[in-house]
Amino acid sequence: MIVKEKTSLRFVFKGVSHTAHIFFDGLHIADHYNAYTAFHAIAKDVEPGEYEVVVIVDNSFGEFSSLHVPNDYYTYGGIIRPVAMEEIKQLYIERIAFTPIWEKGGWKASIQAIIHHVENQEQTCSIRFRLNGKEYEAGSCEAAADGTSRVGGTFEFPGAEAWSPEKPVLYELRGILFVDGKESDDLIERVGFRVVTAEAGRIQLNGKDIVFKGVNRHEDHPMVGSAFPFQLMAADADLMTDMGCNAVRTSHYPNDERFLDLCDERGILVWEENHARGLSLDQMRNPNFRWQCEQVNREMVEQHHNHPSILIWAILNECASDTLEGREMYKEQLEQIRELDASRPLTFASHHRDKELCFDLADIVSFNLYPGWYGDEDPGELCDLARGWADASGGLGKPMIMSEFGGDGYYGYRDASRVRGTEERQADIIEANLSAYTARSFISGMFIWQFCDCRVTEGTDWLLTRAGTKNSKGIVDSYRRPKLAYAVVQRYYKK
Amino acid sequence: MIVKEKTSLRFVFKGVSHTAHIFFDGLHIADHYNAYTAFHAIAKDVEPGEYEVVVIVDNSFGEFSSLHVPNDYYTYGGIIRPVAMEEIKQLYIERIAFTPIWEKGGWKASIQAIIHHVENQEQTCSIRFRLNGKEYEAGSCEAAADGTSRVGGTFEFPGAEAWSPEKPVLYELRGILFVDGKESDDLIERVGFRVVTAEAGRIQLNGKDIVFKGVNRHEDHPMVGSAFPFQLMAADADLMTDMGCNAVRTSHYPNDERFLDLCDERGILVWEENHARGLSLDQMRNPNFRWQCEQVNREMVEQHHNHPSILIWAILNECASDTLEGREMYKEQLEQIRELDASRPLTFASHHRDKELCFDLADIVSFNLYPGWYGDEDPGELCDLARGWADASGGLGKPMIMSEFGGDGYYGYRDASRVRGTEERQADIIEANLSAYTARSFISGMFIWQFCDCRVTEGTDWLLTRAGTKNSKGIVDSYRRPKLAYAVVQRYYKK
Amino acid sequence: MIVKEKTSLRFVFKGVSHTAHIFFDGLHIADHYNAYTAFHAIAKDVEPGEYEVVVIVDNSFGEFSSLHVPNDYYTYGGIIRPVAMEEIKQLYIERIAFTPIWEKGGWKASIQAIIHHVENQEQTCSIRFRLNGKEYEAGSCEAAADGTSRVGGTFEFPGAEAWSPEKPVLYELRGILFVDGKESDDLIERVGFRVVTAEAGRIQLNGKDIVFKGVNRHEDHPMVGSAFPFQLMAADADLMTDMGCNAVRTSHYPNDERFLDLCDERGILVWEENHARGLSLDQMRNPNFRWQCEQVNREMVEQHHNHPSILIWAILNECASDTLEGREMYKEQLEQIRELDASRPLTFASHHRDKELCFDLADIVSFNLYPGWYGDEDPGELCDLARGWADASGGLGKPMIMSEFGGDGYYGYRDASRVRGTEERQADIIEANLSAYTARSFISGMFIWQFCDCRVTEGTDWLLTRAGTKNSKGIVDSYRRPKLAYAVVQRYYKK
Amino acid sequence: MIVKEKTSLRFVFKGVSHTAHIFFDGLHIADHYNAYTAFHAIAKDVEPGEYEVVVIVDNSFGEFSSLHVPNDYYTYGGIIRPVAMEEIKQLYIERIAFTPIWEKGGWKASIQAIIHHVENQEQTCSIRFRLNGKEYEAGSCEAAADGTSRVGGTFEFPGAEAWSPEKPVLYELRGILFVDGKESDDLIERVGFRVVTAEAGRIQLNGKDIVFKGVNRHEDHPMVGSAFPFQLMAADADLMTDMGCNAVRTSHYPNDERFLDLCDERGILVWEENHARGLSLDQMRNPNFRWQCEQVNREMVEQHHNHPSILIWAILNECASDTLEGREMYKEQLEQIRELDASRPLTFASHHRDKELCFDLADIVSFNLYPGWYGDEDPGELCDLARGWADASGGLGKPMIMSEFGGDGYYGYRDASRVRGTEERQADIIEANLSAYTARSFISGMFIWQFCDCRVTEGTDWLLTRAGTKNSKGIVDSYRRPKLAYAVVQRYYKK
């Protein structure tokens, strides 16, 4: 790369899988762990000339990595999401947090700008916001000890339209940074006005009860791994809409922001969750687990705060929430997220049935159960039981979501016998589940496992049950070809 | 059916799966358990008229059935093999047992005729054999208490040609029964002259060391279940020959005699085994186990005695031969078979590695190991280890066979990643195994698991690893379409 | 084969493809052309001993063969249907022709026995028939110059039940031959009482209008060619019934009698046709065409006369019936068949649209049109046009059948684009056609092209349109796996 | 979009399929026909503010469009390639043409800069080039009447390394525009030093005979149409290299420059051709044909001039070069291209065999023949014939390329019969062709038809031979899964 005039450069890596070491002309300027959150690296005061940026990437498993482990999905290596480069001055707006508020029949919002002071100088600055043609002065700010300053306030937006799945109205929010009275930086975010609540055993969007009709989705594709180009994201969103979904769960990690943008634009409701799947208590005891979770939680919530489509934050899918030791970690993480963002309800997906110990900590109780696949239970009876388990152990009065259910169907394997593994059997299982859940008013949402087939880590243990080194429970296959279950989903979700 | 003249009728059911109750015009004339051996039913002194034969078939699992259990293959229900009807008189030849003997550079044979006396009459009769244009008087006989008489002897056959894979010479052996000096019945068998021995750690056919290059084969087909028409049997034999096989193991039960006929004609060497697969000690304690095994052993050996292609009798695949209690049953069954037919070596396929307790009871040691599939072991190293295990526990000096190895490959799933489940990976696994075994002189045979994909019992336990309710380790798929491993097999077996 | 007592032997070859030369111990005893009709060969006065029967089979194309030509189906070589052997005496019953008659509210039947006099002896004989427990004397007969004698009559069968698709009642008809007063031979046929008429523009079975809801079926299977074992025939019939079919067209040749037996038993209505497909005028001018057609017509009608399921005889699918020269041949053949059997209406399938010249010769007009596949026409509009073409050129007042329609769908090729060749598009085409035809009261039947995919002759001409050397218009693929169109057929045919 | 300071904006559309109308805030600023070449649109003197850019796209077929017609590939609609936006001043460098020259053992290059004068002002300017660390003054320039000025010269590059497939050395060439002595714009191109010649019946790269071992490639993918993201292009290039290709033909249109960049980087030799496939004389008479061809030729050659990987320019695949009227158009176009760029040899792919009339006009003779697919000819004999046809009609002494050959193979259709359409047969055909061509020294190149399966226009005419609305001659299928022929290509191309 060529630099023509002296400047500081900020590189934003949207996703490097899973551990990155960044060098600018040989100078080590950043490290990061976790494939699924962004981070930045700054090269200060770069003189004109040609430079080389080196990204060393490691996707190996090992003691260091507590969240990327051999698992029921694949940890592809490499730079899986875009990289942005921008010239920065001594101060720049790092992010803006927009939190809509519905009060007395009108929209307000709390807006906070976070300004980064490169070199931690004590310069004063001020911020002005612009939204829907109007300007809002947020006042001036001074840097804190960590080189960051925050400035903002609560503003009224009379006449603003609400964001909803039916009409996903978005506004451009522009923050302008003034230093010494001169415009010095700006940042444009896209926001929407909506509030989400979890009251009276149901979930409300802008005060009205909603039911999530969704799928779980892995960012996985046989042709690009997890390095999705925009075309393929949009194609996925098209398929979800065509299937009748109004929701998606970003199982099991924060997603590419471009996909969240698509959800914002199309009114697809999002359950976003931190990065963890099926970790045992032993795995949670990994000495790196705590900080790696703290980091991914913080980065997820800060980076994706402004997406109106995200209605739920979740943590630790199917981990050891049935143990007291595990419960401590669930508690810690839920509190961390609640502190970062009090505007969204929290949950976690549990498969512990009547052994679950953490329902009291969450706002919504969520069950991963696979009636008809891992056992022969009846979906209706099982979710009635689940409601009872929840009520008996801290979930009484809380909304309930069936966060995972489904069965394997190998694309192209159709057989009149309808044996396990055929597309027919998968369709039968999906039908039995959807039929039960859509008929029960205490269920506030359902997420089919899963949108598309995904690659898994190869193994000879329980992964032996993953024929072809894939989790084949997708409603579409890895190439996004609809299986027979697709029409079943349409039938229930488009009602 | 119409009977024109008074007669007795004998119905031979070649295979009814798995429990049969036979009625002749309402009269209960026979019962039988086990799908894979033949049995007969006699209606005596039937007057002219029209009659109905009813066969009630049951293929349910339950306490009664100790051998047909939910398993890694499918127990189809129904009349799966042909039914023959013949008119009989008071005496008829039930079977002839032909046992070739090589002595002083020439062929002899022991030939025994077993005559059934309907109504147990004490009639005297005599037998004459005819083979290759010559006649042999076997003398006269009298019925034993059980209504059966045996007559026979040892005869010389100068000029007879040996049966071998290269030149599978067959002879028609006709036994003629005389009662009161008049020809009363005859029976034609097809026989071959060959002897099999297991000496000096190798297996010999007619004195020469041989190596079995074979496949394990289930009688299973998506279009006919286990009720094979002749065309499909012949097509299977064609494929085996095209692949370069010189051998087949009738895993895990006695096969249709028409398939054995094909093996006789084509010189395909056969390891035939009784009916059992992977029974635990608990399952072997089923009160019906002993008699059901005793019966299938006896029927198998008596019914298939004359097939020159059968070189090995085997029992109890992967059962509890690693326990003292199990050992007793292995011992009992091996002794039973040895008594019925001392002309063939005996074995059983074991997966107990260094825990095996029964190698001393058999003539050949056989291992079911799946290096590269169920574990990451190296096939060569593993079979060297196996030789050691055998030597250390009663198998020293005995020939050794790799009776099962392979891996799943889903037909049509080809992927450059070569992950587990791809046809490519299966080909790799087969290559690694064959390469190791064909290079080791202490190995007297190898049987790939398996010839064709087969259906399995549906289940949510370990059968979860059987994607699509199939065991997909076939070198050809269930429709007999070659997978990529096919060419690998050809490369090694046609050398 | 072993002959124990002197006898004459009759071998009946049910089907040899396509030209057979039969030798008995070196003696040339029969020749036959055409794969799809039976013929016999007699070895007279065979002394006891061992004999060899040799069948030389030729399936090559060439000048000699006018009906088996490179075509849209495959001429497999070999003995494709069973062979029967029987011992005969000087006289034997060759066949019995049973023709039911409905008169004055009761069932009668004309029954004729055809007796073959081996050596053309002038022996007299008599015949007695037995049906439903009663006996009928048919009188005595003398041999004609050709060594054949016929004897029979018309008999009443009070209380006989009619054969119908809903209740396919069958009776055993036994003919007993007496020579010199002694029972000398017998023959058992299975018959049904039903009459078929074509009046007032509709087709009647036992006086009630019927509509054929059928498929065209080729005797073709990737695993057995055209040499079907009974299991696979029964499986085909099962599928047809499951699809809701009440009819099948034996396109384009007489079928295996066992399949017709299944149709008799299950009440499946049959359009049977002689052997010809798409022959051009040039091909019809082949000097062998006339006799080869005459023979296949005669053999078909005589051999299959007694199948109650056969309601229609047809000839010459898509041949040159749009030419005057072709018309002569159509006329000749229709007259021949009418003379052999006046009890069934006749038709032929035409694709000549408004150029057809032979509608006046047939009893039913039949169209092969492929709206939506070979052109973009609307099925409803096109069949309205077709009715007009028929009315204008000799078909006025005659029932009309859509004898072929459909489109290719490659099994497993499913795509949301619904482009030509996808299973989806095929389903669309089938739906559009069935929707149009089932809604029109002037249509007496429809036969989808086709039941199952079939292999075709390889070629670089129009056969280039047969991807994969197959005609892929099957509702099930060659392995009988249902395509998406299957459910569409069920929806229309099961109404 | 937001403009902060007054500026002029230049939008470069790399590809819009197939007709674009560009509006800037309602102002119509550009139109363009043809999906496969870039064009720009300029919005002058834009004041600060928010603006909207509208692109109206039309991909319909009709009289207007002479090159996009229903065809053996698919014309997807939309913005299929990237769009770039840049701020420009009154003058900017539009492009730089770099033409390497090998002279007296050293590298020179002619370098021309084309400067666009917005508003056609008569400003003077000068250009400096920088390459490999050195600077080259090109002098000053004045605008011509069309608002364009050209400036450049021939420069020596001692020590420059040649570009070759084995070592594809690339240099950055930076042109810097000075206006009134101040740096005003720059443009960076990537170039390579290599010369291509066609002498003595062979093709030379840097003086050494080369043989193209290539594939024809359509920019087509089931998941993105022709709107390729970079990942998928790179994956295609990976596959080609893995297959052993050293060359690719951009059939049948100019390709995305990012793909050409990949070819530059990896040393893949390119035959690029204008946009036309199989147009009949009638289609060539379309009144728009001449200008649409002139334009695509010009845009292709100007836009892609600097790619060292492009060795050949070609025109009008399989059009009416067998007619005198067609010949005139071939002549005109070849002359146009030769005038635009005399540094590369020209050709066109012909299927007219001995009827071809234009071989004398080209530098290389190229044949599209499909022995083994559209006919039963032997590839070796056929290309010997082809050499004769070329020699006899103007091609004597010219290099010869087999520009298309192959056969359909439907992915997943494998069958021991090896019938047409199976992957096996396709592999056989590819083998027969490659075996013949690689053995003949007069053949300078071969391009398999084709790299990947591609979608075609749906139709009921000859497109009926395109099963599944695809051209299935790909060595990989549309999802890029290797067919059996892949290994054959490797065997021949990696030798």
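Read from first to last, the chains carry the letters A, B, C and D; within each, the first residue is number 1.
Just so it is clear, a residue touches a chain if its C-beta (ideal position, glycine included) is under 8 Å from a C-beta of that chain, and two chains touch if they have at least 3 such contacts.
Keep in mind that this is a model prediction, so the values were computed, not measured.
*Asks:* Mind listing the chains that sit against chain A and also against chain D?
*Replies:* Expected: B, C.
*Asks:* Let me check something: if the centre of a chain is the mean of its CA atoms, which chain is farthest from chain D?
*Replies:* Greatest centre separation from chain D goes to chain B.
*Asks:* Where the CA atoms of chain B average out and where those of chain D average out, how many Å apart are those spots?
*Replies:* 65
*Asks:* Whole-Å distance, chain B centre to chain C centre, using C-alpha means?
*Replies:* Centre separation, chain B to chain C: 42 Å.
*Asks:* Once you find the CA centre of chain A and the CA centre of chain B, what distance in Å lies between them?
*Replies:* Roughly 58 Å separates the two chain centres.
*Asks:* Chain C: which residues touch two or more other chains?
*Replies:* 222, 412, 415
*Asks:* Quick check: in the complex, which residue numbers of chain D touch chain B?
*Replies:* Touching chain B: residues 412, 414-416, 481-482 of chain D.
*Asks:* Okay, in this complex, where on chain A does chain D touch?
*Replies:* Residues in contact with chain D: 2, 188, 222-224, 227, 229-232, 235, 479-480.
*Asks:* In their shared complex, at which residues does chain B touch chain A?
*Replies:* 222, 373-376, 408, 410, 412-413, 415, 417, 419-422, 455, 458, 460, 464-465, 467-470, 472
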